[in-house]
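Structures given as C-alpha cells follow.
Both complexes below contain subunit A, partnered by subunit B and then by subunit C.
The block that comes next holds the complex of A and B.
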C-alpha cells in the first residue's frame, strides 16, 4: 500500500497540496483528476520520490519514498507525460529499463509491442511518432512488473484505436496485486476501468473515494428540473444532476459532473 | 467511449447482460460462466465492478460459486430471472405507462385493440423472417 500522510507541498509562495491524506491499495486503478496547475504531476512526482514533501510523508509498503531507497523505488514505475528519446535502438532502450526491474516480463512486453504494432527491431526510436513513443513507454511500464504504476496522462497523443487498446492491455496485464494511478483530463474514456477516483480540487484538497462508495452515495442523471439536486448543470434535455441516493437503483457515474461538483465544493 | 448506459450502474448492467445470456440459452443451468477476470477484460471494465456484478447475481440465486472452480448458473436461474423481471415490469414499467396514459388522456380500452394489432404484426414479421 502507498500511504500519503498529512502531505503538504508548495512551489515557493504557491501552495499546491495542503495537508492531504489517502491510502492507495493493491489491485485498484485510481483515476487522478484535477484542473491545470492543481498538482497532479506534482503528486505523482512526490509519490515516486522525485520531489520532497514540504510537510508529511509518503510511504510505499512502509518505506518513505523521499529517502529514495532502491527497495522502495524498485516497486514504482513512473511514466512521465513529457519525455525525450535519444537516438538509440529499441532493444537498447529496453535493456536499459529491464536492468532496474527484477520482475521485468519479456512476455508482457512482447504482447504489448505486438498489439501496439511497434516493431521490436526498430533501430532508431526517433522515427516513432509521439503516440507510438507513449505506447512503447506504456508497454515497458506494464512489463516492468512493479507493484505501483504511476502514469501521467498516458493517453495523450494516442489515436482512437490505441485508447481502447490502452484500456485492454492495462486490464489484461495489471494483475490483482498491482496498483495503477492514472492522471487524465478526459475521464470519460477511462471511467469503466477505474476502481477509485482521486480529485485535486485546486485549493489544496483531495477527494478520494471508490466508485462503489460514489455510486452508493449519489445518483447521476438527467431530469426536467434541478429540484433537490446537490449540483446541476443545464443541458439540452433539461438538467444534468447529482442527487443524494436514497432507495433508488444505483446509476452510472458521470465523472465530469463529479469533478465539477467537487471543485465547486458541492459534495462535502 | 462509454459502452454502458448512464442511467444504471455498470455492475447492474453487467448482471443484466448475464441474465439476458441465460434467458437466450447461451448459458445453461449448471454451466460455468466466465471468471470475474475474463469478463472484466472482455467488457473492458475494472475487476472490482465485475466482482460486484457477480455478488449481485449470487444474492439473487441466479449463479453460485463453487470454491476454486468458478461461478455456475443455478438450476432455477431462468425462473428467478423471469420472476424478477415480471415484478419489475409491474412495479416500474406499468406505473410509468399508466402515468403517461392519464396525462395524455388515453382510455385503458384502447390497449386491448393495440395489443391484438401488435400480436398480428409481430406474427407477420416473424413469418417473413422465418
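The block that comes next holds the complex of A and C.
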C-alpha cells in the first residue's frame, strides 16, 4: 500500500498540497482529477520520489519513497506526461532496462505490442508518433511487473481506438496485487474502470473516496428543479444534480459533476 | 536489498553509455575522429610554429573534452525527459553516482586512446612534413617528455569531480543567488592556488608549493566527490508549471 501521511508541498510561496493524507491500496485503479495547476503531476512526482515533501511522508509498502532506495523504486513505475525515447531500437531499450525490473514479463509486453500494433523490431524509437510512444511506454509499464503504476495523462495524444485499448489492456494485465493511479483531464473516458477517485481541489485539499462510497453517499441525475440538490448545473430540460442518496437507488457516477462539486466545496 | 551492488552499478553504467555515446557506433566513431582532428587543427592555429606547444594545447583540450563527458552523463542522469527517468531506475543513488564516474572513465579512455593514436599520427605527419627541424621521428601525444603526468591526471579528476557539484550548484543558484556561485568559485580558486600565491610571494619554496598543491588537489577531489553525491541526493525534478 502507498501511504500518504500529512503531506504538504509548496513551490516557493505557492502552496500546492496542504496536509493531505490518503492510502492507495492494492488491486485498485485510482483516477486522479484536478484543475490545471492543482498539483496532479506534483503529487505523482512526490509519490515516485522525484520531489521531496515539504512536510509529511509517503511510503510504498512501508519504505519512504523520497529516499529513492532501489527497493522502493522497484515497486513504482512512473509514466510521465512528457518524455522522449532516444534513437535506439526497442529491443535494445528493453535489454538495457529489464535487468532492473525482476518481474518484467515478456508475455505481457508481446501481448501489448501486438494489440497496439507496434512492431517489436522497431529500429528507431525516436521516429514513433506521440500516440505510439505513449502506447509503447504504457506497454512497458504494464510489463515491468512493478506493483504501483503512476500515469500522468497517459491517454494524451492517443486516438479513439487506442484509448479503448488502453482501458482493455489495463484491466487485462493489472492484476489484483497491483495498483494504478491515472491522472486525467477526461474522466468520462475512465469512469468505467476506476475503483477510486482522487480529486485535488486546487486549494491544497484532496478528496479521496472509492466509487462504492460515492455511490452510497450521493446520487447523480437529471431533474426539472435543483431543489434539495447539494450541487446542480443547468442543462437542457432542467438541471444535472447531485443529491444525498438516502433511500434512493444507486446511480452511476457523473465524474464531471463530482469534480465540479468537489472543487467548489459542495461535497465537504 | 544491498545498497551497493556492482552488478546493478555496471548495468546502470551500460544503460547510460548505450543510450548516449555508444548508442550508434556508426555515428560516434566519425564524430570522435572529426573532434580529434578539429582539436589538433585548433592547436595548430593556437600555437603555430612550435610542435611541442601544439601538442600541449591538444592534450589540454582533451582535459576539457573529458569534463564535458561527465557533464553530459550528469545531464542524462538528471534529465526529466527520458522515457524511464534515470533517477527512478531501481538502483541506489550510490550505484548511479559510481556508474556516472565509471561511464566517464570508460568514455575518457576511449577518447584518450583514439586521440593518442590519431593525434600522434597527425603530429608525426605534421612534424615530418612541416617541422622536420623539431622532430626526430614519431610524435606520441600524452606519452612524451612534457606530456601528461600525474598532475594532469589529478587535474582531470579535479575538473570531472568538480562538475558533479558545480553543475547542480549553478543550476540551483543561478539568477537571484548568482553571488553564491561567484563566492564559491572565488573561495575554491583561492584554496587551489594558495600554494602558488605563497610561492610567488616567496613565503614557501617551489618544492613545498608543489607538494602542497598536490595535497590540496587530492583533498578537493575527495570533497568534490562527497559534495557531488550530497547534491545528487537532494536533487529534485522541479520543472515549474506542471499540471
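By definition in this document, the second predicted complex is superposed on the first by the 268 of 268 C-alpha atoms of A that agree within 3 Å, B and C clash if a C-alpha of one lies under 4 Å from a C-alpha of the other, contacts with A are read in each partner's own complex, and residues count from 1 in each chain.
Operating definition for what follows: contacts are C-beta pairs under 8 Å (C-beta built on N, C-alpha and C of every residue); 3 or more make two chains touch, one makes a residue touch a chain.
Predicted, not measured: the structure shown is a model, and the values here were computed from it.
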Fit-or-clash call for subunit B and subunit C when the two complexes are aligned on subunit A: fit
Which of subunit B and subunit C A:36 touches, first, second, both or neither: second
Which superposed partner A:68 touches (first subunit B, second subunit C, both, neither): second
First, second, both or neither for A:172, with subunit B first and subunit C second: first
Angle, in degrees and to the nearest 10, that opens at subunit A between the C-alpha centres of subunit B and subunit C: 160
Larger contact residue set on subunit A - subunit B or subunit C: C
First (subunit B), second (subunit C), both or neither touched by A:121: neither
Partner chain in contact with A:84 - subunit B first, subunit C second, else both or neither: second
Touching partner for A:153 - first (subunit B), second (subunit C), both, neither: second
Subunit C versus subunit B - closest C-alpha approach in the superposed model, Å: 24
Shared subunit A contacts, counted only where both subunit B and subunit C touch the same residue: none
Touching residues on subunit C, where the partner in the complex is subunit A: 1, 3, 8, 11-12, 14-15, 18-20, 23-24, 80-85, 87-93, 95, 234, 236-238, 240-243
Of subunit A, residues touching subunit B in the complex: 27-29, 164, 167-168, 171-172, 176, 188-189, 191-195, 210-212, 215, 220-222, 249-254
List of subunit B residues in touch with subunit A within their complex: 1-12, 40-41, 43-49, 52
For the subunit A and subunit C complex, residues of the former touching the latter: 11, 34, 36-38, 40-42, 45, 48-52, 68-71, 73-74, 76-78, 80-88, 92-93, 96-97, 99-101, 125, 133, 137, 140, 152-153, 183
